[in-house]
């Protein structure tokens, strides 16, 4: 009876298109917002900020970017890691060339670069489909990482070949670099991620979103009903890469503090893909659920043996960890191939008809 | 009473093969101290491992997890070291990166919290060149520098480039991508085309075995191939066995089965069933290196305890300890590390110690020493250290520098 | 003809089954039916009535669509078959021809037919002989034997699918909408073949069909399914004479067949909206 | 211009023995790529599953073999036992992973194989540890010497091992092709790839076929593992070479055995040539990390289904 | 619209051979013929999915230049498909809304911001779509994902999507396949009403002779790529070629 939609009538199309047509959902969202904006920052430890809160937000954003491309527009990409890299390197160059630039502005700008490169690598998608396209995006993945390694201008000719985030001060607080406090970085990330989420939701529920979904579900039919496939696919690549690029910039500037080229390796792409898929392709909220699971799970697993005082060596824990994550991925795919988001929807459907089984 | 000295170990991932013996050596030595002496100065050592799999990401996570109580952090990869380096400055925890990390860390004035005892990569490069020079001069020769395409592999490049000009040899850098470690035929074809007089190798993990097997296959004369200390792992050479005879590696550690410390480890750790190692591994170079690394840390703890008169030292007290290690011959004997590590000492400005090292050679079954103790030509790169350290500090401004220490 | 079949033993019995998709969507709400040996049984009903679902429940193909039988039993020759996998069922002689043809696009027509003989162990010669038999039923297939099935026309694909089923030497064929999208001539032709196979080889058919008119002409008995329930059953003649069937399934009212142009009111009973 | 375009060819002509060596090395790595790709193709054909776990299966097979031998099992018995383990693995994967996921979208199954990869990495490291191990080349009776030829007064080294690999791979491919095209099982495998549901409906047992196919992929993995292991030792780092199979597949076509072979050879040889004559002199080396992908990408622009892939049937 | 000497080949296969016919404004034009005759291919040519190997298409008297399918759609041609081509991952409402895409033009930025232009456009188009939904009586399934719908309803949603585009030319490829008589009656009604109310020109492919004969104004008969008959229904029904090739036994 708690979750009951009956009786909430909509009287205008506008109301029907509201983000949360169901009152309970709006309340739930309010709770989540209070948690993330007030309660977490007040209570979280340094460890929680660094290993849970900040990375979960950043990974969720990256997955959201990927989800636009893969979940909404149906173009499977395995090059997310490299596009995050483009965002990160672009941000690094912006900050070092224009030291006066506001870091948030720099982060938002750096997405533009990855969007450009995303479009360039998206062009083959007009002809190549499915797994062939996925492998083709690997060309971007490997080529870009190679470029990060070889093009020393990108990392200002540092001897180590890595980029290091300098200390950046804005409005009297350190927002990036080793001097910055975790809580500041958390808020910066939160602001950017919230902004991006709102934009993504708007894009995916409107005309563009429908264009993408049509392209995804059946591109031939989409073209025949008047969708310009090239435009549809390329905008998906551009916007997806933009979001991914921004997340890459956040990744390095607001969390890692430094990066070497192989950080943006294929493993990163897979990680983001896991999040998107476990969360649910074609959903925005799912990315958060996926990120919580994929980022949070190993952290929790790591602390378990110590909590129970089990005498297992850390290496074994790590091996078990890998096994468990692998097994869980399979497990979640089996119980709900359409991701956590869908699981949530099913629960909701059950709640609506509760206490009747059908 | 307990001292928390965690280790960001890696026993998994593509580099596990080289990590495991090192971690075992480190852990066994600490376990031995706990069993034999009840720790150091009465304080037990908590030598917990946090598994990184050599991944920078996991490494940072481990650092964040342990930094609350830890008095030292041992990041165990150049990548992780680079990442936590600026953080340790803020968190005020010493990084101990024995024989790896960022070469300019030798400058204690700039890198107050970082230590790469007993020798750094530039020491290694300098000694290798010195040794090769001794084999008949380097003027007009050609050296192929086969290295991992990764911050670690690039470390010695600035020095090698500088020395190439000075000593008159030609340097051909040949990078090996992380994905090509197992399949280096392109690199070795290049070596065959270039016909270098020597191959100097900066390899790690699976890259070493790959390079050594390729060298044997392409019939490169093994005696003209020299590796840094991380490329001198017994297991890598065992793959080719006798065909690898003549291969050399510089090292600041050496296994000595007769050293008292080995006997102690055997009685207190191995016989008690607390070791993860085995006999074959314990006879190897890397296991002994693990022991030496732990011994250095233990020594620093002891020095700090004496200075501050407390068994439970904190991170900044340990930092003082690390700056005042004096591993003299006598002290090495006392610790039972006979012949396992060259003498060295650190100071406020000198965070490396520049211990020098021996050239080891694979005789087909094991590594043997083929040189006296070599020592690096510090003057060659003292300037370079200062310069690069300053560059780093500038890029990371505001970067607190320890003005108090001179010389 | 119908009387001949009626006397025979029940071959397949479906008792009161329920099917749920995706754990929440209840599609069949207690369907029971009987297929007699040597007969042609038609399963009729509008869109979404659950015909396909019933057939899939019998041949155990629901699993891969996240559907499951939650209640009731299915007996084949008196034996429960619900736990068998589809392959075992084919060995027992029950084979399904799926809705929408489902040929193996990249295999040639002949290879498609040969896959039908997959479960058989009676040697090459027998299979060759049956291949010839199928080609005599469907001469068109012989012409196109070497072309990839994906590029053949709809009718050819339908023939290919039926032929493929025949290759397994079945006792019972579950045939799902054989007439969909076929030219009238072909529809007749295919039903003629169904009858020929039924009479010649003694194969029993369970036939899901929209085209009530044709189906009732060839079938012996029929069931009418609506919203997951059987609402009517009986011999083909009795169904044909039933006024409701006449009006809603055959498009005839008292005055005879009406032109589509003249139908002025929407007479739908909005079954699926309920 | 001259430097980039003409000079490399001049070099090739000037040192033909070296060029031959380059081609030979390319050929051998090409064959090895192709072997991994074969495993992919087989599984893809029968189930449209893009089996990412093929790489780790190679490692797993090799580790099991070496591990069993280290426990004192004679070499050939260890091979048999390893095959049995691969069979069990195939059964387990079918039971636990594939069966519940029948009929799901491709990408879900793809993800599941990545799950399998992670699981096997963890399991393998717990059982076998992460150290580099030596392949039991001699114990298996694989020749290890080399031929040294001197064409045009130059030098050409051919490893016996490599020659063995080339021969074994050729036989394996021949056998596979015959199996797929001329047997009942082979036809069923191809049918299954086109349409699960229809295959089920004609009585093809998914279970049997999948176990069979994964087992064959396991056998291929073992052969690949022995071959690579003999070259570079056996460790988890081997897994990364599996990525090289991807452009091979793309170039050859995901469902074509012939494609896998030709694609493998093309990529092996071309990437070596490019790296030696262009990559190293002009681009700072290591172009092998991406060359194959870019090459495949360019080919795909002209033939979206790869050189030998099945034509994508697009109709409405 | 007029088709002149259209020929279409796939490799060696000739799917359509030298066919000409015309479509008059406002009429219902049926195409019939045995399976594989090339009917769908002809529709594909009209909607731009295939380009004719030879021949030309005249649109309102002027030759139509080579166009991408989406450009054709924007000239007011909408269609349904033989094997349903709905967007399975979307709800019915969204599917029908895609039909409006050719009429919606707000930019990416305004969409990202949502409030303002994009929303107004969305609401305006939603109204049109709701009218179509009402018309086809699919209100109740508005929010259902189409993947779950039964076949017949899917066909209707497809029609709704095509209608939402407010086309001038509507191409229907076997809209009544797999329906029973009652459903066919409804569908016929919709088709006639569209034709009457909006004056939409309709091209219809259908195998049910009853439907074809009752609805269409003129019929083209194709057989193996050739045209074997053209004219009003009754005339075609009596044509012996047509009976031989297609109808088989005289219907009813």
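Worth a mention:
Every chain is named by a letter (A, B, C, D and E) in the order it is written, and numbering of its residues begins at 1.
As a convention for this text, contacts are C-beta pairs under 8 Å (C-beta built on N, C-alpha and C of every residue); 3 or more make two chains touch, one makes a residue touch a chain.
It should be emphasised that the depicted structure is a prediction, and the values quoted were computed from it without experimental measurement.
Touching subunit A and subunit C at once are the following chains: D, E. Centroid distances from subunit E, each centroid being the mean of CA atoms, peak for B. The greatest centre-to-centre gap from subunit C, using C-alpha centroids, is found for B. Centre-to-centre spacing of subunit B and subunit E amounts to 74 Å, using the average Cα coordinate of each chain. Put simply, the C-alpha centre of subunit B and that of subunit D have 37 angstrom between them.
Rounded to whole angstrom, the centroid-to-centroid distance between subunit C and subunit E, based on C-alpha atoms, equals 29 Å.
Taking each chain's centre as the mean of its C-alpha atoms, subunit D lies 47 Å from subunit E. Among all residues of subunit D, those that touch two or more other chains are 125, 243, 284, 286, 289, 316.
For subunit B, the set of residues touching two or more other chains reads 11-12, 149, 177-178.
In subunit C, 151 are the positions where the chain touches two or more neighbouring chains simultaneously. By the touch rule above, subunit B contacts subunit D in their complex via residues 11-17, 19-20, 149, 174-183, 185-187, 189-190, 192-193, 205-206, 209-210, 213, 217-219, 235-236, 238-239. Residues 50, 96-97, 100-101, 104-108, 110-112, 114-123, 125-126, 243, 246-247, 249-250, 254, 283-284, 286-287, 289-290, 293-294, 296-297, 300-301, 304-306, 312, 314, 316 of subunit D touch subunit A in their complex. By the touch criterion given at the top, residues 102-103, 184, 187-188, 190-191, 193-205, 207-208, 255, 310, 313 of subunit D touch subunit C in their complex.
Chain contact summary for the complex, subunit A toward subunit C: residues 346, 349-350, 358.
Taken together, the subunit E residues at the contact with subunit C in this complex read 10, 13, 32-37, 82-83, 137, 140-141, 148-153, 174, 177-186, 188-189, 192, 207-211, 214-215, 246-249, 251-252.
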